[in-house]
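Supplied in structure tokens, the structure appears directly below.
When the chains are written out, they are named A, B, C and D in that same order, and each has its own residue count from 1.
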Amino acid sequence: MRGNLLLSVCNLNVTYGSINAVKGVSFDVDQGEIVTLIGANGAGKSSILRTISGIIPYQGSISYKGNDLKQIAADTIVDRGIAQVPEGRGIFGNLTVLENLKLATWQRKDKNKIARDYERVFALFPRLRERKRQLGGMLSGGEQQMLAVGRALMSDAELLLLDEPSMGLSPVLVRDIFLILVEINKAGKTILLVEQNANMSLHIASRGYVLETGKIVLTGSGKELMGNPRVKEAYLGG
Amino acid sequence: MPLLEIRNLTHRFEGLCAVSDFNFTLASNELVGIIGPNGAGKTTVFNLITGVYRATEGSIYFTGNELVGRTPHQITKLGIARTFQNIRLFKELTVLDNVRIARYGQAIYSPMEALLHIGRYNAEEKRITDHAMELLSIFKLDDAANERSKNLPYGLQRKLEIARALATDPQLLLLDEPAAGMNPNEIKQLMEFIGWIRKTFQVTIILIEHQMRLVMGICERLMVLDFGATIAEGLPAQIQNNVKVMEAYLGKELVK
Amino acid sequence: MPKLKAVYQTLLNKWYAVIAHRFFWPFFLIAGLLFSIAASSFDLIDLYVQLILIYVGINIILTISLNLINGYMGEFSIGHAGFMAIGAYIASLLTVNIFPPSAINFLFPVAVLAGGLGAALIGLLVAVPSFKTRGDYLAIVTLAFGMIVKSGIENIEAIGGPRGFLGMEKLTTLPWVFFWTVLSVWVIRNLVYSNFGRGVLSIREDEIASDLMSVNTRQVKVIVFVVSSFFAGIAGGLFAHALQYINPRMFDILKSTDILIMVYLGGIASIAGSIIGAVIYTILLEVLRPLGIWRMVFMPLMLVLLMIYRPRGIMGLREARLFVPLRDLLAVKFWKQKKKEADDAPA
Amino acid sequence: MAYIFQQILNALQLGSIYALIALGYTMVYGILTMINFAHGDLFMVGAFFCFLIAVYLKLSFVPTLLLSVLGVACLGVVIERLAYKPLRNAPRVSAIITALGVGLFLENFTLALSPYPKHIPALIADKTWLIGSVSISSLQIIIIALSLSLMLVLDFIVQRTKAGMAMRAISWDKTVVPLMGVPVNKIISLTFAIGTGLGGAAGMMYGLAYPVIDPYMGIMVGWKAFISAVVGGIGNIRGAMIGGFILGSVEIMVAAFLPSTYRDFVAFTLLLILLIFRPYGILGKPNPQKV
């Protein structure tokens, strides 16, 4: 039983110079799902997220809630309801934690709801409240990842794109972040998660796609993929 | 005499202790891993050994020579080479030139001979180029010799970086997270590759990694760093069952 | 159509073969030298054209020497005219006040050389700050250096101060310019294709990695600054004896800007690019002279357009095969041959 | 003693003009890490706008100032859109060379239109007060006060406003900024408008203080202001102010006690020495190289 279609990517192609990074990828995300794209380094995962956020050019079509995103500028895509947590977190090290969060509310006008969202983010990540006057650059890797997720929540998007949230974090922190992602999902956000850490992401995902050298080679529910021998061999360490 | 001996090594950045009281002895032909969570000071140790940073306290002896106070190129010439966590090739230069640059310390001719292309220039250049091509062909990179290194695929760039390090004729090779960005399958291949390098080039290797799978598989001995201090050392099997290490990796609450 | 393509391919291959043998280099040089001697002694070409050719040569020397710092080493020096000024004043002082007038023709190369050496010595001083700073800060050091040289000269009355210095004979002739230009191109090309030259390139790409790969970065920087300022000084000496009058304003920031433009127009890290840049810029300035002041309005516009459509200049980071030593050009081919011979040899 | 006070006042006047131009350099550099070498020439254009407005429209001081600043700001934005924006992802030097080209273009275009130096009419009734034996003119007060207040406003904009926050974010990593919903191009245009507008204001101040203006006046002043920005620590607003005042004081003091031809020589030598000992400027911090 599938829910409402939220995001639909159709026959996506991305090229950098002569390199074809994404070759005819199609997938979709339904409202309320956690969908994961897994694959090795250079498989084209990050490129896909960047096209959705409108920061790199592509061929093919991406539609969100039935509207084509092609002609829409990157900074207004956020307003439509898609927020991205970029690879490497993308924290502004020269802004305070509070400013980092505030920046994400750039397009928003609803003052009361913004105030409530700050509280929600701080409730989710008490560490951020403690450090809200500190510069982003002074945070540890785990705190930065929390801030990056918190920031995406501040833009009040319905769909969160996460680019390798586990990168460079110790196992305990990875587990914390993934638990929080589940919590956020339960609170109503749809999540598209790109990961190398297939173990964790397939665990929480309702569906997954496996990317290899720019193509989708496998798809299925999180459980199915975890049981798939090919996935086991390549991503879960045999 | 040990190949490398580090005594009471301490390094502070603006008051922050990145490495504190680090002691380490390495014999020839060992393969030792340094592991630890992010920000534990592993790369700093490499930077101190290779002279990128100057240690605040302590000393490093390599084949009897004190390294603290020497510049990176002097240390490289003594026989230590390294790779980088995030690949640092000379991107716009050809694969061949990347390797030939690493022979800088081995070439013997004067600036004047270089300016006029006279004297020892020709013979030395031939020697350098032949050596570089030889090395590239061992790594099966010789067909790409004229390619700009930025155009190589990721895996080959990692390989080239190791070839470039070996071109300096090291006795000691420092590998900084060679498995970064690799999937389990590729890591398996990398493990074989490292073993092969060790045999073929007769080098001693120190390896930084936080992929347990890799270090447990090939290292003979492990050091575990956390917050700049050594919290454990020993055989891989011992480390695996060490409570302190579990804590550092998995968090205190989880272990208890 | 395919036939035409095949013909083109054979012609191209022939041309590569010709370049590979390089037997015509000496002919080319001798012919050039003979032509320049003949042109200047028998007035084969117009004096005005001769003067332009002289400027072309001087600008090639300036461009190629600045390219060593800005293109090959990837620094940004904006004080090149300062070195030129030092060479110009030293050489002029020697020919006007020191050397006996009777022997001036023979001693002229010595004067130019002395100017170059003087500039090289100062270049050594500028190399020192480059050990510590990079990028924009080093740019400022060179900028300040250029301004210090200019205002320094303005304050030395003995060499004319702001009024300038004159009395030089017209000793810069076409053959001399040809000689010095060829020498500078040859020497800098040699440097680039040597161990030290590869060190220079690696500093541009990644200085820390370069040091860790055993490159003595300080040594390399000193060589680069000394060689570069040496040739700027040579160009200064030639310039002074072509114009027969110099003043400090000739070597101000606008002159340095001119040289910068030639470097980036032709393309960074390229011998061929430097030559192309200097030739195009110098000749275009002359051709557009009838436009008067509007010439200086159009030239910068063209530069901006070039940068937008070709940010690395005409030949940026590429080299004409002509200037690449055979060993580098054919390294892979030589290697394969050698390997094959080794394989074929009876065990 | 009075002489020294008089010179200090002169130093403040010159220093505040350098500081205003240096602020423009630092703004653009701090946010885009691009050296806008055309900035000195925009300063010159500011002086010429002031001349045009004062002579042909016969406006008084305040409207002249506003119009000149607005005019230069618009020009700055247009230049950014046409010449610099296409090069945002190109090698940094290409942008620098483009800026040099734009500067040359502005100089020579102005020269082509106006071959002779121009004289700016006095827009302010020239009152002079005597305090002891130190004389202060109304113009001096206006220049110093205006510069200081513009600097404070700028500091406020960058540190306290939402747009300033976006500017700082762009300076850290401009690839992530659009993901926050921030329109990067608009913010960059705003940065250019403010930076070049300050240059325009400085041009007008300079033109009032030293009334003969010519198309090449921006070159030397521009480079000097750039050096001030670097001495203060480029990218740092307070540093630019400090650097401007240091350079102004050094120049005035040298001119006061040595033959005036030594001014540039001593000033640059001192700056060079300072840079050798503090390579990243007074308030600048070296970028720690990550290995």
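Note that in this section contacts are C-beta pairs under 8 Å (C-beta built on N, C-alpha and C of every residue); 3 or more make two chains touch, one makes a residue touch a chain.
Just so you know, these numbers come straight off a predicted model, no measurement behind them.
*Asks:* Comparing the two chain pairs, does B-C have more C-beta contacts than A-B, or is it the other way round?
*Replies:* Answer to which pair has more contacts is B-C.
*Asks:* If we define chain centres by averaging CA atoms, which chain lands farthest from chain D? Would you check?
*Replies:* B
*Asks:* For chain C and chain D, what's the span in angstrom between their mean Cα positions?
*Replies:* That gives a centre separation of 34 Å.
*Asks:* What's the distance between the Cα centroids of chain B and chain C, rounded to whole Å?
*Replies:* 39
*Asks:* Measuring centre to centre with CA averages, how many angstrom lie between chain A and chain C?
*Replies:* 52
*Asks:* Quick check: what residues of chain C touch more than one other chain, meaning two or more?
*Replies:* Only 208 qualify.
*Asks:* Find every residue in chain A that makes contact with two or more other chains and list them.
*Replies:* Residues of chain A never touch two or more of the other chains.
*Asks:* Where in chain B do residues touch two or more of the other chains?
*Replies:* Within chain B, the residues that touch at least two other chains are 52, 84.
*Asks:* Name, in rising order, each residue of chain A that touches chain B in their complex.
*Replies:* Checking each residue of chain A against chain B gives 40-42, 140-141, 168-173, 196, 233-238.
*Asks:* Provide the residue numbers of chain B that touch chain C in the complex, in ascending order.
*Replies:* Touch residues, chain B against chain C: 50, 52, 71-73, 76-77, 81-82, 84, 88-93, 96-97, 100-107, 109, 111, 114-117, 121, 124-126, 128-130, 133, 137, 142-143, 145-146, 164-165, 167-168.
*Asks:* Under the stated contact criterion, what part of chain C meets chain B in this complex?
*Replies:* 187, 190-191, 194-199, 201-202, 204-206, 208-217, 223, 227, 317, 325, 327-328, 331-332, 335, 338-339
*Asks:* Which bits of chain D are touching chain A when the two form their complex?
*Replies:* Those in contact with chain A are residues 162, 165-166, 168-169, 171-173, 175-176, 178-184.
*Asks:* Which residues of chain B touch chain A once you look at their complex with the stated criterion?
*Replies:* 37-39, 153-154, 181-186, 210, 213, 248-251, 254
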